[in-house]
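A, B and C label the chains in the order they appear, each numbered from 1.
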Amino acid sequence: MSYLPSTEHDELRAMVRELADEQIAPRAAAIDETAEFPHDLKELLAQQDLLGTCFEERHGGTALDTVAQCILVEEIARADATTSLIPIVQKLGALPILLSGSEEQKDRYLPRLASGEWLIAFALTEAAAGSDVAANRMRATRDGDDYVLNGSKRFITHGSVANVLTVFALTDPQAGGRKGMSAFIVETDTPGFAAPRVEHKMGIRGSPTAELTFDDVRVPSGNRIGQDGEGFKIAMATLDRSRLSIAAQAVGIAQGALDASVSYASDRTQFGQRVSDFQGIQWMLADMSAQTEAARQLTYAAAARVDAHAPDLPYWTSSAKLVAGDTAMRVTTDAVQVLGGYGYITEYPVERMMRDAKITQLYEGTQQIQRLVVARQLLQRAGVDTRGS
Amino acid sequence: MSNDILFLAEFAGGNPARSALELATGAAELASQSGGSAVALAYGSGAASGAAGLGAHGAARAIVLGDEDRPAITYAGSLVAAVREAQALAVLAPATPNGRDLAAALVGTLHVPAFGPVRAARVVDGVLETEQATLQGSVITTARPSDGAPAPSVVLVLANTFTPAEGGAGSADVSQAPAAAGSALSRASVAESHPAEAKVVNLEEATVIVAGGRGVGGEEGFGPLRDLAAALGGAVGASRAAADAGWIPYQLQIGQTGKVVKPALYIGAGISGAIQHRVGMQTAEHVVAINRDPDAPIGEFADLFVVGDLFQIVPALTEEIRRRKGHEGA
Amino acid sequence: MKIVVCIKQVPATGADKRYTDDLRLDRAGVEAIINPLDEYAIEQALRLADDGSADAVTYLSMGPEQASEALRRALAMGGDDAVLVTDPALAGADEWATAKVLAAALDKLAPDVALMGMASDDARGSLVPGAVAAMRDVPLLSYGSELAVAGGEARVRRLSATGFDWIAAPLPVVATVTDQVGEPRYASLKGIMAAKRKPLETWSLGDLGLDAGELSGAALTTVTDARPPEAKAPTERIENLPPAEAAAKIADWLAARKLI
């Protein structure tokens, strides 16, 4: 399985890097400080056709391979983690439709997502159902040809700026989360829907993390994705792929922190020499670099296996997200250390990168959940029956 | 082939451009080295009556290409005819848009060596030798026409390379250009003219320039710079950032795509010193930079780098200069 | 109305540049980009295509095989097709030879407007556009901050000593534009992908009916010396002083050099 980057990958990386360096990086500090969603950068990414990379050409997308999609996210995240969530969540929200939607649903929604005219969000998590997805309580009650949705969601990235959502709700509460949940496409201008508040967060502050309420929100049955009861399966299949975007994001954050550290250390002098001349600092930088590269290569290896429809896909994507998230946290923390006092103040970007990195260990499946997934795959390979765990 | 040195003499509004006077002096200098004469190629409104006056700056003869106010490039046809007939050693042209256009027409039609823009030129043992700053000023090359190359060489000359000689008494012998073959280059014309109300100083002629950049922050921010320029008897210039932002007219932009200036004193306030600006002023004799960023690139090539707030330092400097000049006057 | 934009591939600004031992510009092994000033010409042409004034935009470049990269990058910004004129005889071509080749290629492409940027980044001179116009016997409209085409005529907005003029000439013309045209657009991802499929032809000197011998061989100018500029005295610095004191020190410095 070869995953050396191709010429096209290098060209894409150069194109996104130029855009990120010139237009995104200069905005990062202000986005973090004001905690405002960067609509202008969303427009920029849409204009550059960078929100449609996971969609087919017949829907107006550019159908890039998964490695290329990771490179795109990585290069944006290197400049600003918040902005990198725009293409990440556009894919996350659309995956249920891509994986299990009907052709009619795809034709109806995907073109506007590919062009960036509409933003989409993924509404699964609830206040009492985070890692424990099956504990979802939101209900979708059949009424004639419609479903009526009641309940609330929490921690929904872009929930307050999205035009459309993929929402998970119980169509059969008796059957419980695993068998009784279904997936729906809900347009946010539907009466009864509201995004009453967004969270104040440690990092990715420009990305609105919203609480959503559904009060008798009426959705036509043509907006149900797949069959009744398939929701849990669709959600898991989505997360098996979307967590790879988080791995790419984490790699990008780490790279940005590493670049800032190298630049600072080779410029700053103390005790009559450059900080980068000290062996202790060189060792730190070397570890940061090797770990970031390892995370990157594992992410690309997983990406190549997504495109190859590998049967053990969760093993790869969870491993990548596990390694990359922990790497981002470690590298950004070390970056603050390398910059010393300057690393702690907002004039330099690494403290923001460290705050941004933490989320990669938490969302789209905490690191603990990722470990469970990897362990299960490992034990299955070894022939151990894991159904009871 | 003669040892004469030809030069472009542009006239506008009845008067010779400063470049005409500079090149007259330069051509006379080269002519004295080559053993020939300096000959003006005069064009533009006022050329017919003003050409003789170029003798006071060193021109022995003057050929009038035309006296009308029309785009310089439309004189290319008669220029080529005059240059062909003259069979000179070199033709000097100013490194301005008009000078480049006419020089290009000569090179394209006659296939002769082209040099420039040069910062120095001389004739050594009958051979033209030029000096040019290349690769954004990082290398100085000396060049001459190759053995057997046809004459004349066309030389683009930067402003302020030659200083107009004062107070000569000569008068140039004036003649008309030979008949020119029709050329499509003459088919350009001014369709609309929009002169600005205020006169804008020609920065290439200024000996002192106070330039402002992004750090000036706005149109009003140029006020203190104007005061300083006035106190020093100089002109105000700007970086491209200030021109793009609309704080000053584009005619005052110094840099790769603006004016190339060579003042005795250049003071840059709130200018970072990016390469695109640097190539427009790096040959200034003395460079003073004022910037609150101690790591601004301009600090690397300035002669004097002042770290501080320009809105405090520039007025203080203006005050100090006025005070000293006041004492001198008393 | 058809536009051909002439572009050049040059070494990236700030990259380490050198002269070779035989005193020629060493272009090997340096990152190459579209001459930044040509990007404004590309942008101007694409704007005329966007507003319907132009119905075809072609890019033309003369250079080594590698120059096709610059043409692909231009096509990624927009435009229809590209032509690369390449021939070993053209290595180290001077401005006259470049103009001769471009003029021949332009005669073959026969555009209404042959559009170029101001000057190349790596070897100032900017004589190519005017030389091309003279060789083709076509009007030259130069140093435009804007180009407009209508009714069989082209006009450029050119700065005058105080304000600006619109200079006009009947088509076909050679025109050059400055950076005042405005920021060149980024190439979008679809643009980059489409660029790969747009036609890019390669022409040799033979295709243009030009004689290699006439164009190659000794250049008309010879560089006899290349040296670094005169060493400058190190920068003097004034910092951490109150404004009045700093001003006094600056004035002393100026006075010592007889500047005040």
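What we mean here is this: a residue touches a chain if its C-beta (ideal position, glycine included) is under 8 Å from a C-beta of that chain, and two chains touch if they have at least 3 such contacts.
Quick caveat: nothing in here was measured; it's all calculated off a predicted structure.
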Starting at chain A, how many touch steps does it take at minimum to reach chain B?
2
Relative to chain A, which chain's C-alpha centre is the most remote?
B
Gap in Å, rounded to a whole number, between the CA centres of chain B and chain A
57
Chain centre separation (chain B, chain C; CA means) in Å:
21
Which integer distance in Å separates the CA centroid of chain A from that of chain C?
43
In their complex, what parts of chain A are in touch with chain C?
11-12, 15, 18-19, 47-50, 53, 62
Within their complex, chain C touches chain B through residues 13-14, 17, 19, 23, 25, 37, 94-96, 99, 103, 118, 122-135, 137-143, 145, 155, 158-170, 178-180, 218-229, 232-233, 235-241, 243-244, 246-248, 250-251, 253-255, 257, 259-260
Along chain C, where are the residues that touch chain A in the complex?
186-193
Which residues of chain B touch chain C once you look at their complex with the stated criterion?
12, 71, 73, 76, 97, 100-105, 107-109, 111-117, 129, 133-150, 153, 156, 183-185, 187-196, 198-200, 202, 208, 232, 240, 250-251, 257, 264-265, 275, 286, 288, 294, 299-309, 312-313, 315-317, 319-321, 324-325
